[in-house]
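There are two complexes below, and they share chain A, which is joined by chain B in the first and by chain C in the second.
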Partner chain A sequence: MLELENVWKSYRVGSLGSKRLTAVRDVSFTIAPGEVLSVVGESGSGKTTIGKMVLQLISVSKGTIRLNGQDITAARHAQRKEYYRRVQGVFQDPFSSYNPIFKADRVLETVRESFFPGTSRSEWGDKVERTLLSVGLDPTAVRGKYPHQLSGGQLQRMLIARALLLDIEVLVADEIISMLDASTRIDVLNLLGDLKERGLGVLFVTHDLSLANYISERVIIMRHGAVVEMGATGKVFGDPRHPYSRNLLASVPQLHRKWADAPDELEELEPDGDRELAPPALTQVDEDHWAAAGS
Partner chain B sequence: MALQVEDLRVHYRTMRGDVRALDGVSFGLEDGEIMGLAGESGCGKTTLGKSLIRLDGRMRHVGGTAVLDGEELPINDDKAMNARRFNDVSIIPQYSMSAMNPTRKIGKLTADLLRAKGKSYREVKPELVRRLELVGLSEKVLDNYPIELSGGMKQRMVMVLSTLLDPSLLIADEVTSALDVSNQKAVAETLVRFRDLGFVKSMIVVTHDLSLVYQIADTIMIMYAGQVVEKAPADTIIKSPSHPYTQALIGALPEVGLEYGDKRLKSIPGKPPQLLNPPTGCRFRARCPLAHDRCAEEPPAVQIADDHVASCWKVES
Partner chain C sequence: MTTSVTPDADVIGKRSEHLYFALRNPKVVIGLTIVIGLLLLGVIGPFFLNNDPNEYIGPKSEGPSGDFWLGTTYFGQDVFSQFVHGLRSSYLVGGLGAVIAFAIGLSVGFTAGYRGGIVDELLNMLTNVVLVLPALAVLIVISSYLEVRGVVSQGIIIGLFSWPWVARAVRAQSFTLRNRDYVDLAKLTGKRAPQIIIKEIMPNMASYLLMSVILLFGGAILFAAMLDFIGLGPTNAVSLGTMMQQSMAWSALHLGLWWWFVPPGVAITAIVGSLYITNVGLDEVFNPKLREM
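Our next item is the complex of A and B:
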């Protein structure tokens, strides 16, 4: 169980770090085992920053992140490595996640070198084979190949296999299918569904609402670094309470509805105010459904 | 008919031979038509868009013609094409975020562009300002450098610039891919408005996002491995596609309202063929659930209705 409690993040920007940009403001949520939680929002809403903080690639400015009750923000290097056995990430661009001069399955071998130095080569080979099969890849088709010989979907699934070689509990998936073609992205998406049935918690960062709806049980909608609405997917998308959520849903292109048929006017939104201030508090509007005040 | 393309073939020259990125593409575009052009990466959709305006160094025009408003486009002749570019054919490039010269103010850059086409900036300026206001930009942006504009503003600026001389054909190449949902909608609707106001006569919108192009296009053309597989009105393509590839592509799209538990979306197994030595016959047959012996022969372009064509042995007119 991964918990975020009142997490804030500010970056130093400008010349010599003279300005501060608050990217994430007072975000709290939990991910239970076997659950996919989607974080959606426009560019710059802080959704990727949350993913990076969970992966401890950047530090947390304020607040705590706990895994099974253990605070991981205070962890030192040695403990960090233990943390990475349990939490791993996959990112947007599968083509730049690999070093083009090495064979693609080297990413699997490096896991053995740093996490399982005692495992014998043949034992490891079996494990890799099983894991590749479990993500729907044919081991003979992908082993010993260079990244440019594989498709984006294959590369992305191999990165998920790499994460699965460790006994992870949480996977951070940051826009992992936005660069893939319509015909192959569904395989990767269904794989996430498969992982959740195996009891993994997935933090699924995306800007595509239809993907979030397809795969996740719960969803968080973010704007200007703060949560504007969160709750069960059906409730948030079926009955959006915050004006921003309604605007977002009205803008999504859908196949059963044309924009021209129902020209719904977008509602006025509050402009981006002082980001140092605490964002409007979330109030519970229904069972497992919270929305920010002002809605 | 605004544009008539017949059997267009464009190859990429590589060390190992020619990559047949466009292998016999034929279609027509009516006046005032917005055509969505969709397909997987590498199917030749961007190459088709580029061929109609400028071949880059590696591209070679092997055969076929494109006739715009009764006059053939000199695809092969870069110099002769120059007279048609911007005047008759214009493009909104894939990375319009970086399409503007960063070292010149936008007004200066526009003046340069117009001078190259023998037009006077002073004469065009009132119209330019009017159009900027139409897309929600003030006249002041002409005194800004491109870096001072946000991504959405740059996109709109490039859209106004590309259509300034009222071209007959506009090619919009993945104009919405880099934007987020709300900007996406605004940009897509601006394209329709430009057509309605007569700034451009007809438009080809190249995209991989079928649900977006469905919102704005009159017709949709689907390409696969360098060839056209189906062209029909947008509603027909989405609601009752005929070609098995189109059906599979639409079956793989997630929708708001569909959940993983209810119904699994299906992907298309396999991957598109190499275009270096493309297979004979139907190129989709290795991945096609309906493939049979006949598919080893080149499939006919079946005219299902007046405005609906699909290349497949299994469809009947």
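Our next item is the complex of A and C:
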């Protein structure tokens, strides 16, 4: 459904754009309907950049992104708006996603303004109510409130509701639960599971391996802007082939272990090289399991 | 998950809250009363005084009386009539200068701050050039080339030279605000850049924008008075500045004609001073930390 093919992103930095910083290098993957694809990696590995490129908030330097076979990287405003009917995003910080001086449900109203100008208010009100209920929110409790009067979990769910008001096929969820507290996390996470059941494709950007393991069918591990390992979640986490993946899995804190216990020996990794060069190619090591060369 | 019950006071909303505090802030009330009072005098006054302010109608150099409330000039012109007309031109210059400077500053600032990159660097360069231009010298040169100097042309010239501070501040603010997630969310809703700037970014800096208009207004009035006083004021109208210039030119101070130069001076000081007081008061309104209540 959503397909990324050899996508690169480099930023111009410095005065008059004299330097280049490559954030994403040669990334290709697909998301199928009803599938959660997790992108994990350390800070600066380019995972958020991928999410923003899928949402077309930043342009693609090289490569193409296709939705149902249609290239969307060259889309003009009107086409892009149509694209946003089918692909939506939710961001990390619920409090920054709402304009603090307006009421929170304005994000729902702007969807009507932009995408459903012909819908009558009562009809729209019903639709909003149904959608809010479907994400587990009590409409009377959240409508007409300012963002600071609602909790982070409520705000994130309202953003998911906003996306669901459109007939979306893909949801980009960029660290949507990392700023929620533990008790609300699981609710939002299970909501993502529901969406999956409804046939949505979810691009789940996270740095938390246990979340990725919990929710996703397939996982992509990124480092220095390139994919080092990808494949079915069970295979990647059960049998990590790349040294970075092994280190990442070894460094997850576990409930039954204390810091004082002898830590696992981490493997030596290649340092960050010239990012302009193509990253090591992925080789298939098993069915639906690829790892970068050098592993 | 259930929601917490919120107190009703929170529901009032920020706008009415600001109005509530503004109307109860003595600085804002006093400042606005003076500014609006003088404005009304300038706007309504001339309709009741249907004589030309430069007409020689009375006895020469006479003090304030029932016929001539603020006395007459060395040539027998009615000072009160001049004063009322002068107020009108001063507000016109202030308003025009403020609107023009605000419009340019806002466009340049938002374009530079929102677009960023090379556009920002070019606009920023332009802003800095205008900023370091010695505005007074340029205004003197321009003013002296204009054959007929009117109140409007003076306002336009002042407006064209006082926008850089607004542009710089707006640019800096947009830089931070454009990276907020709600701007991205507006993009995902299919909004275009101008809509995002007006509907998402501008409301967040409304207080700053209001205050900058006030400061630009006061600044323009002061600048106009300065130009008038050095003889570059309007040639076809009376303004507070030209009144002072005329009174100095005809030695009103030495002749003891205090009613000729005191009113315009007091009025300029009162207008500009009140604007600044209003500004300080509004600062308290918008910034809850400064509220005394």
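Observations
We take it that the second predicted complex is superposed on the first by the 288 of 295 C-alpha atoms of A that agree within 3 Å, B and C clash if a C-alpha of one lies under 4 Å from a C-alpha of the other, contacts with A are read in each partner's own complex, and residues count from 1 in each chain.
Simple rule for what comes next: contacts are C-beta pairs under 8 Å (C-beta built on N, C-alpha and C of every residue); 3 or more make two chains touch, one makes a residue touch a chain.
Fair warning: this is a prediction, and the values are worked out from it, not measured in the lab.
Contact with neither chain B nor chain C is seen for A:Ser18 once the two complexes are overlaid on the shared chain. When the shared chain is aligned, chain B comes close enough to touch A:Leu248, but chain C does not.
Shared-chain residue A:Glu42: touches chain B; no touch with chain C.
By the document's definition of touching, both partners, chain B and chain C, reach A:Ser151. In the superposition on chain A, A:Leu189 makes contact with chain B only, while chain C stays out of contact range. Applying the stated contact rule after C-alpha superposition, one finds that A:His207 touches chain B and leaves chain C untouched.
By the document's definition of touching, of the two partners only chain C reaches A:Tyr98; chain B does not. In the superposition on chain A, contact of A:Lys258 is made with chain B only, not with chain C. Shared contact residues on chain A (touching chain B in one structure, chain C in the other): 151, 184, 187. The touching residues of chain A, when paired with chain C in their complex, are 12, 15-17, 52, 55, 57, 77, 80-81, 84, 88-89, 91-93, 96-102, 107, 110-111, 113-115, 136, 138, 141-142, 144-146, 149-151, 153-154, 159, 184, 187.
If you check the complex, the residues on chain C that touch chain A are 1-4, 6, 10-11, 13-14, 117-118, 121, 180-182, 184-192, 200, 203-204. Taken in their complex, chain A has these residues touching chain B: 42-43, 151, 181-187, 189-190, 193, 207, 209-211, 213-215, 233-234, 237, 247-249, 251-256, 258-260, 266.
Every residue of chain B that touches chain A in the complex is listed here, in rising order: 40-41, 180-182, 184-185, 188-189, 208-212, 214-215, 238, 248-250, 252-260, 264-268, 271.
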